[in-house]
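Each structure below appears as structure tokens.
In the two complexes that follow, subunit A is the common piece, with subunit B as its partner first and subunit C second.
Here is the complex of A and B:
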């Protein structure tokens, strides 16, 4: 991907260029994230019997758990995409393949090998990461459109093959033994989301992360200064896959049922890219904010019949407008290098238009 | 076997029509148009509406589709995509995905999710030549697609508009210096690409029932066709389309592999070609 266009590259976030303003912004975001995390840990605890008998108000009903767990799942997959798509600059459009592999590994191990879920879950993560190494070695030699569609193709083809194999339940999918606990899946997804942000932070502040950003900005130059580009790219892809696989592995048991259309649902790939884009590609908190905003909107407007079609039209318009006006995402728009203003919009349009 | 080869080549006609527009927009504008399948469906619904309301033959509706889709394509490029044409490709990719959502769900609101199809009096009849049975519809589709390829070649290589489009594809700054209006030429290019989708849509509705979301596979298949043939030449797309038709028909004829593996076959071929010969079988451009 050529990145010669001024101002429209993957964002120069607060990490490649550390200024006093960017440090202050990062500190504010960290404090906000800490407060949000505290709320996210405490609110669901009000659903415990002990809390209820102590007369605390019920802040988290089953509906709340469903929405919150879904949002956290997307925080994981969007953050995971950000590692390969945002930091490394390889626009993977088929990351859902790792979600599906994680889900199907858990499904197969639990139903066929009678493995307890606690052991199947890490196995799902490992198999997804191994799959990324396998796919990544050939695919990461491609760039731009070619990598994007080849990765998409792998996801579509893998889903279709699994759908055709009776061993994996075929078209009728896999039913998991039910574990009834809203809290368990909520906290697994929350842990995964916190882990994703923490891992992204660690990567951004490491030699590995600088290597990835160097690859994104100019791969040939990165190789010249001594970055082992193949190793770095595959490692980033595996990290991204492991996190996505974790989300899939939790999803399989949480949703009880998996098949091609749920575990290899391409919308998961596309939505996670949208979330990272809307929040801010390549930034630490961008995917988190994008996932929270977008998934909340999607869930709020969810409905059947023609309402669903209107929701999708709205989503399409939102996406189009976001790409045109906020190519650097929400994080940059509110207090990034420039502040919230019409001039910002006009400048963005001038930089990217004809 | 011989029959399957013929069927594959006939099916290839559709892929040629699909690939022409996709290849043009990708080669010149560097846009992978994820809304391409949705535009094919817009055209298919125009044909369906015209033949249901006025009893027009689907092949007669092709000129209407050409004009309508050209106008729609020009408008999409001029009003929307031109705003971000200089942004990295991820953004154009995403904006066309946004357009896809809008168009598909717009069609869903207009036409509902029911399957629609067009039947003609010759729908079931075929030409018999020795052991071969060739459905007329498939044959005419192939001829229309090849005619479209001829027209596209003529426009791109023998007209001033074509020169302008090729100049923009080669070097847009130099093109601007010699007085080419970039915004307009981008619009023309995308409009021509959409017009090809218009023809493909009319052909598809003659043999297949359609729904608003039935266009998605066509986007992916167009991509494979263009990769297979190579970017940047009409002849490459013709070869790529025919070859893809053959691969699809022959691949599904292998015992144990059925129609359920259509996408897996397509993408298996895609990934192989990308890894072994990334410029396509006949392409000039390198990665």
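Here is the complex of A and C:
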């Protein structure tokens, strides 16, 4: 066989894991994301003193910052989960362990070693990634439910250990020196969210991404065509952990206080999986859209005080409906193959049902 | 078959056990470059296990496998693929979320050290290979829409895209009708002509006689006979151990119908 010359391929030869139909949809989403990003950069600037004295309306008050920063944090965490859970097909239920490790690394380095926050933040990212390599090597030998439960176990156990070690503040947690700046934490989370989407895009368009999807589809087949499955899985886990660790490292300083129940909060793991699920698992923008929709709903329901208890019930109903009617996620519903017709519903029920 | 050059693939006393069960013991044979070796034998003779041992899916319990002067034994599957050994699975394992073309291109993105192409080239090469196996018209289709023979072709295409020097085919003709078998035979000949050495497992005797330059009979985990296909099929031990059973089964089926 002769080697093919470059340039002889058809125009549809762009390298991508996504199909052509979803490429068109992706272009629309890219434009929408660009517009949204512009708004997200400009709106908080109205809170600056200079803007206020120039007579601009205050579009971002403290409450706005609280919600927007939280949503962006979940864009990072859900997007990070998508890399190991969505692209690689390893349902990590305990990704919050990297959030906690990132948060506690920052907390320990700032309060015990008096390191400036600017240096502690990247250290939190690195320690989370290193932790993923350490637990990934044994854990990623398991598959499916076994991996899910094992990763959950590691998260719970790590939280318990830290809760019982006085070095890490024990049950009373760690108080950080306060940095008063809504803008700083907002833009750190925004940068992380943009970075997460950009990294996912780069992965999807690379040999690495194709290898991960091959592993998800059939690990044995991936191995015999030359994919170093162990290396790829661990690398994907480390990437996922680094991003999650970044979110945790920012959260620690933003929230000023961390303990087991905030930094190793299993809700973060569960919510991020649900966000990816609702938005569209394995897609570029799915986790972003899922995080924005779900976290906005959670925040607006929970804001009602006594109504907060009903939030969980409402979410449960919403999730059940979403999983039954939108099994491929919101991204697939708008402009994808999905449509709100009986025929589509019947087809997805058939394809995704037991 | 001249023995002047060293063989491409060489198995020396290869043994594989699963707990107390010995799949095969002391299997020794060579495959020369350019050969099409047909491996036949009754169900459970250890044919697929043999392929799994060569491609690194299983670890050996004894013996040695060398390929192109390098030891294969003890290497994980991706390293074996890197050295230039491609394989298909008896039960096809396509990447279902990808198109036909993307499936083949993954092979060219990874594969042997000669493959591993940049992304654009991988797709161009995938197109070339899909042409060779006769899947070019369906290259943009999702895998789910393919028929069984087409899925088997895709399995071969993906393995070929890794630019192997040796291709291991595990029953790619099983379940095909007579016309489809003819097409598949033609495909194997084209692959052989392109310079790839082939080792294939088959139950269809027409395939063994049609394309193989050598045949090997495995029976109860031992090499029963090896040589020219026609010669091997006339071997009395082979008729007793394998062909006779098959024949008797076919007769019984005729009587029932």
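Heads up, the rule we're going with is that the second predicted complex is superposed on the first by the 325 of 354 C-alpha atoms of A that agree within 3 Å, B and C clash if a C-alpha of one lies under 4 Å from a C-alpha of the other, contacts with A are read in each partner's own complex, and residues count from 1 in each chain.
Please note the rule applied: a residue touches a chain if its C-beta (ideal position, glycine included) is under 8 Å from a C-beta of that chain, and two chains touch if they have at least 3 such contacts.
Keep in mind that this is a model prediction, so the values were computed, not measured.
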Which of subunit B and subunit C A:211 touches, first, second, both or neither: second
First, second, both or neither for A:117, with subunit B first and subunit C second: neither
Subunit B versus subunit C as contact partner of A:228, first or second or both or neither: second
Subunit B versus subunit C as contact partner of A:220, first or second or both or neither: second
Partner chain in contact with A:237 - subunit B first, subunit C second, else both or neither: neither
Partner chain in contact with A:186 - subunit B first, subunit C second, else both or neither: neither
When both partners are placed on the shared chain, which of subunit B and subunit C touches more of subunit A: B
Footprint overlap on subunit A, where subunit B in one structure and subunit C in the other make contact: 1-3, 5, 8-10
Subunit C to subunit A touching residues, read off their complex: 55-57, 76-78, 80-82, 86-87, 89, 93-99, 102, 105-107, 109-112, 115-116, 119-125, 127-129, 132, 140, 142, 158-159, 161-163, 194-195
Of all residues in subunit A, those that touch subunit B in their complex: 1-3, 5, 8-10, 85, 91, 138-139, 141-146, 148-150, 152-154, 156-157, 160-161, 163-164, 270, 273-274, 277, 281, 306, 309-310, 312-313, 315-320, 323-324, 327, 349, 351-354
Contact set on subunit A toward subunit C in their complex: 1-6, 8-10, 12-13, 15, 17, 19, 205-207, 210-211, 213-214, 217-218, 220-230, 282
In the complex with subunit A, residue positions of subunit B that touch it: 26, 32, 80, 82-91, 93-95, 97-102, 104-106, 108-109, 182-183, 186, 220, 223-224, 227, 258, 260-264, 266-268, 270-271, 274-275, 278, 287
